[in-house]
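Take a look at this one; I'll ask things after.
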Amino acid sequence: MRSATASASSDKGISRRFSRNHLIKRFKEIRQASLDIVDPLEPEDFVIQVMTNTSPTKWHLAHVSWFYETFVLDQVYDDYESMHPQYAYIFNSYYLQTGEPHARAKRGFLSRPTVNEVMEFRAYVNDEIVGFLENASEEQLQEFGPVIEIGNNHEQQHQELMITDFKFMFGQNPLYPVYREQQLPESTPPGELNWVSFDEGIYEIGNADDEFTYDNEHPRHREFLEAFALGDRLITNREFMEFMNDGGYERSELWLDDGWATVNEENWDSPLYWCRRDDGWYHYTLAGLRKPDPHEPVTHISYYEADAFARWAGARLPTEAEWEVAAGDQPYEGNFVESGRFHPQAAEDPGEDGLKQMYGDAWEWTKSSYDAYPGYEPLEGALGEYNGKFMCGQYVLRGGSCATSQTHIRKTYRNFFYPDARWQFNGIRLARTL
Amino acid sequence: MRSATASASSDKGISRRFSRNHLIKRFKEIRQASLDIVDPLEPEDFVIQVMTNTSPTKWHLAHVSWFYETFVLDQVYDDYESMHPQYAYIFNSYYLQTGEPHARAKRGFLSRPTVNEVMEFRAYVNDEIVGFLENASEEQLQEFGPVIEIGNNHEQQHQELMITDFKFMFGQNPLYPVYREQQLPESTPPGELNWVSFDEGIYEIGNADDEFTYDNEHPRHREFLEAFALGDRLITNREFMEFMNDGGYERSELWLDDGWATVNEENWDSPLYWCRRDDGWYHYTLAGLRKPDPHEPVTHISYYEADAFARWAGARLPTEAEWEVAAGDQPYEGNFVESGRFHPQAAEDPGEDGLKQMYGDAWEWTKSSYDAYPGYEPLEGALGEYNGKFMCGQYVLRGGSCATSQTHIRKTYRNFFYPDARWQFNGIRLARTL
Amino acid sequence: MRSATASASSDKGISRRFSRNHLIKRFKEIRQASLDIVDPLEPEDFVIQVMTNTSPTKWHLAHVSWFYETFVLDQVYDDYESMHPQYAYIFNSYYLQTGEPHARAKRGFLSRPTVNEVMEFRAYVNDEIVGFLENASEEQLQEFGPVIEIGNNHEQQHQELMITDFKFMFGQNPLYPVYREQQLPESTPPGELNWVSFDEGIYEIGNADDEFTYDNEHPRHREFLEAFALGDRLITNREFMEFMNDGGYERSELWLDDGWATVNEENWDSPLYWCRRDDGWYHYTLAGLRKPDPHEPVTHISYYEADAFARWAGARLPTEAEWEVAAGDQPYEGNFVESGRFHPQAAEDPGEDGLKQMYGDAWEWTKSSYDAYPGYEPLEGALGEYNGKFMCGQYVLRGGSCATSQTHIRKTYRNFFYPDARWQFNGIRLARTL
Amino acid sequence: MRSATASASSDKGISRRFSRNHLIKRFKEIRQASLDIVDPLEPEDFVIQVMTNTSPTKWHLAHVSWFYETFVLDQVYDDYESMHPQYAYIFNSYYLQTGEPHARAKRGFLSRPTVNEVMEFRAYVNDEIVGFLENASEEQLQEFGPVIEIGNNHEQQHQELMITDFKFMFGQNPLYPVYREQQLPESTPPGELNWVSFDEGIYEIGNADDEFTYDNEHPRHREFLEAFALGDRLITNREFMEFMNDGGYERSELWLDDGWATVNEENWDSPLYWCRRDDGWYHYTLAGLRKPDPHEPVTHISYYEADAFARWAGARLPTEAEWEVAAGDQPYEGNFVESGRFHPQAAEDPGEDGLKQMYGDAWEWTKSSYDAYPGYEPLEGALGEYNGKFMCGQYVLRGGSCATSQTHIRKTYRNFFYPDARWQFNGIRLARTL
């Protein structure tokens, strides 16, 4: 769904970030994190592809390994041999310059290789990468360190996708399997929505810092913004149910034309994973089916629903530039995958001023079409082949979710999905032009 | 795909066939046969549904168990409790009178219950059925013995479907997994096709004997047949490749209109599972990818292809009545699932007179639309609800295949599939009007 | 939809039937009949193709002319020139041996040639054919007379299709245009349904007489029939509404599996052209929207509906052999297109014995799949190329309708349509095995 | 496809622009212009809808009349009666607040009302509107004058759509009908592409003047632009054929992901209406099939093709703000519908400096997603109901085409279509970031 390529322009700091020991340590951590995520699964859970946009868990696990093979090991060694000659075909994705991939829609047709075989493949690649890193020259470290760091970030993205994809599979199952049991503490009301204001002016947008970034965050450039305000927290289930109870899903005047068509074709009457029972609404979470907590942020909604809710509320969604300006220098703290909660949680400290829940909990839909920044230049070669190829028809989301790693998110990070996507942990923050 | 209902009219012989010991023994044998078939599979192999017409192996295993629960245990015990309240929903098929089933096309969306859980479910049902049989009154045996016998036949049908369904899954996999390794002996040419003739006359068609039958084989009735001849064996791969080499798949005049449309929509240029490599044709078998043996019967072809081949050969397909008359009193011997070959084999004894390969190897397409025999009466109730509901748009096949159990086939057995079905072990026998 | 080819085997009588004067007279009459049918239409009515199965009226008018050009004029003259070099492409249908045709589904994309240009094309072909006939040698008459007679029958078939096709177009229009105003006399109840019985025996089926026939009516052959009975008249709107009121469209147990799927996909709850208003059911007729006359035969129903009705009524549909035996030597009289009624009418003379409405009013669905008679041989060449290509998946209908010409129907005439076809004037006659 | 609503905020000047005489004159002129456009058509040409995005010509002619009825006459008169009670249903489009419309995809199913009846309907509405204007009070003129002016602009938009829609219909016809014969003078090469540069800065975008505008051009607001340059003329057929000859349609790296999928699904290998013959490329124009003039602007291309061409050329498409800034105060002159050419023409005066072909010839794709300007406010009520509902998934085009009226276009005019739309007269102007 998205490209994974580094900004090769930030030469500074590579020696610092890509030291041998750091690279080995971080590589191992990230590879282990994938195993931790799938630990509660049964072999049968790794196989299924319920819709084309999702992939089987074992495909994810193997595909991220293929990435290191293709962009590191195949480049480093003249005679590198993969564990199986067909894996490069099966686990390639959309990188056409690396060969014709197995059709995306057929990833769920393959019972083999088995989970065990995929795990062997992971261990094989781990050994090769670690062996390379331990023995690489300093020059090799400088050349391939950044590529391995791309691979790490790529694997982190797929860790989030694994979670959303097996949630989608479990959410279709009448047995509503529990991924991880947990007793959630009762939440407290987050207080009324407050507005935080920002002045008009020319702002610098995009990344210029000495950190790992994707190329779509570049170049840093100027944008003029009219004065605006942002809601200080995410929209809650209670607020969204007010919209539902007010006929939100039945009133055409609230919807974009494409959104209204989708509502009717798909018979949407609530967020994804919600179902009505005799005693009210339930929704499937990775801890099983339960009643929506009224104070938690609403999630699993499309751009269309976020936009319709905002119109109903007399507001609008923020632009991505507004969001980035507003994020300022907030620390990257919040409810991330590391919390083990796998679900958004209610905003705390209702009395406190300022923007809350900017990071973690739920990706925040912006009204910005995903597009190239002025002066954007893709990298050379296969890694950069498709940097911009998704810049059409999708919308930018910001801030990360409860399925994102805290070490993966940053202020300038641009996630993007088609406006009908609901299976990600997506939510709503409102905005207003002042 | 098909109804599973007994002829309740053959009262004679039930005491003989449905003795307590016989019932227990046969039930156990058939339940065990299912386990033998899936023994070589990995857990991942039980889950996938590649097309709507196929089902995951674990669905088959559970569905046949649900059958005994619904039609025996639920009837016998007022307070019967299934192992899981949702299984009756998930593993029901098309029996609408027993409740709305889980959508057929979504059987492959369910990773749970796991294979182990399905095996527990099977064991649970086995215990219940055997417990019932051991303690049943003679009256109960008379009432439910025939129903259990239906369940046994139903499970045998699903044993064949399991084989064809996981073959279809493996056949889509670029790794071409081997189900069972085997070194096949070199076959010998079966000799030229000879014709065996039969006189015109009024013949009795359908079943009247004292054996288990489905209701669609009844009532026995008269048909007038013009004099005809049947090819003495199945059409071989060599003969079918002559058709292919003669432009068989490109010549519209050889095809039924619907068949020609299908050839073009699906880009058919060979039987299912065939693929062209640099050194010629290969086809996937359950022993892996190999070159087609020229002397083996061609299989995995649709009615359209069988019909086009017959037209090309200056012949036609037999009617089901002709096939049944020709079968005469041949013993039910041939290459069945019990051979463990899982593939058709070349006809033996080329010098010998008479019809060969009438049973086993490959189901033989007839030119008869699947329809009710004159005077056909479906049974009462849910078991008989759908006896005739498939009698539209399908064609009858006769004789069983290498995936059929020898204890399941008989002369009057009517199998049926839509004319585009290729994933069954279907083959060609030619006929002529004299 | 269907082949149009003569039986070339009936040599006798050609001199009688294909005399020069007879041929000219009949050709002119049939060509004029097409013009009479389209006389009430506006130019805009000739253009539209509402579904792939229907064709624009001007396509029909030109296509039947193309037929005479291709199979007569192009054969007679070495240097025959059509009026326009592209017409042979646009107005060809499925005769692949005569060249790749313009796609069937796109016939409604062509505003040109205009209706006037098509009429000029018709006049051009008329002149050429009449000119040929006036000057042909006796030998040429013998050779091409039968082909012209095929052309005439072909045009008669398309006359019926024109009527059903523009009815389908008008029936989609909220303005419900009136094709021909008429005040229909009040009908009288046809009396209870009576059964007319026939003995078991071997019967001769198919055509052997000295008349024009299609090759699918040959060869005449023997069939054994069990004793049976036929309803003495067609099923009426009143009877069909009893079925509807009894939940006929909601009870799965009454339907074939394919039929039940179609009912649910298409949301059928009544015959085609019926719509519910505040004061009850209406249906569109070529005289406009009106309430269904309870005594008229129900029409515009599919095979699925006919079959479900029969099951509900405790009966079945007849086989085509039964129908043909029952028709005996009844004269070909009834409510045909010549009546100008364009709608079925109630059976008369309720007191009279014997079968009524066997010809005209509505085509009668039989339970016989459309298949080759034993020993059937298609003609040579393009004319005979597709004689049998439709013999798959369709059902035979007998007897003609209110849109059929009386000079086109006969006892052995086999019409055929897919089981979901509703836009023809199709109705129900019941049968029973005795 | 688009909203038609006025800016109600420009109060000034209404008395000047909406004088009684001016209103009557302009209304009559625009109504007459529609008739002039359809004058060369035959009745059969008014009926057909080849794809859902296009509408039959007679639907356009009636729909624009319905607009005046609904938003003027129905409001002015308590007891206004349309000519036919069903027309408001048939000729409504997407204005849901005015009632459920007849399905868009079925507009081509209606042969009635005939063209003559539609013309009567137009005359009826003309009489009513002129009668109203002649007798309206000054207050009524102030209230309904702007609405009539919206109706006039709405009709002008549909005049362009009529041309593109019947071109699409003719372009599918193997006869390639000529709409208007014309001998086009030989064109001269437009010279090399030059770049015209613009400084970085904050610019005012959107409309503030005293002229008729749509609300999507408001409010006038500030945007910061980096320095940029625009190509001084449109891309020509010769240049586009270089792209084609360089494998433009086969090289995935040149395309957006959605674009590449579309190229492969639709088998695009050239602009719409192009076809290869033995002696090279031809394309259908409204003057018939001819060879593309190498110096004419390429047209009938999608956003995907424009974007791929720009990438191939080492450039990009302009943003709409860049286009508007660059347009400066150029007069609205160029090759519009008034020229009667109905096709783009080569740029003149190759020696001359500055931007050429900014207006007319072909709509210019911008890389700007169609979105609301900051502070955008839709109007109240049904007229404004859908102002913003199309602001998702579409791209803005600027400058008008050879099918646009010179009196309809302006600098701030925002046209928009989905990125796969090719049947409009769309072309390419390149841009670069400096």
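Every chain is named by a letter (A, B, C and D) in the order it is written, and numbering of its residues begins at 1.
FYI, a contact is a pair of C-beta atoms (placed from the backbone, for glycine too) under 8 Å apart; a residue touches a chain by one contact, two chains touch by 3 or more.
Being a predicted model, the structure only gives us computed values, none of them experimental.
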What is the set of chains touching both subunit A and subunit D? none
Which chain is most remote from subunit D in terms of Cα centres? B
Between subunit B and subunit D, centroid-to-centroid distance (C-alpha), Å: 60
Any idea how many Å lie between the Cα centroids of subunit C and subunit D? 47
Round to the nearest whole Å and give the separation of the Cα centres of subunit B and subunit C. 38
If I count partner chains per residue in subunit B, which residues reach a count of at least 2? none
Mind listing the subunit C positions that touch subunit D in their complex? 42-48, 50, 58, 86, 89-90, 102, 106, 108-115, 169-170, 172-175, 177
For the subunit A and subunit D complex, residues of the former touching the latter: 94, 96-97, 202, 221-224, 226, 252-253, 255-260, 303-304, 307, 316, 367, 369, 371-372, 374-375, 385-386, 388-393, 419, 433
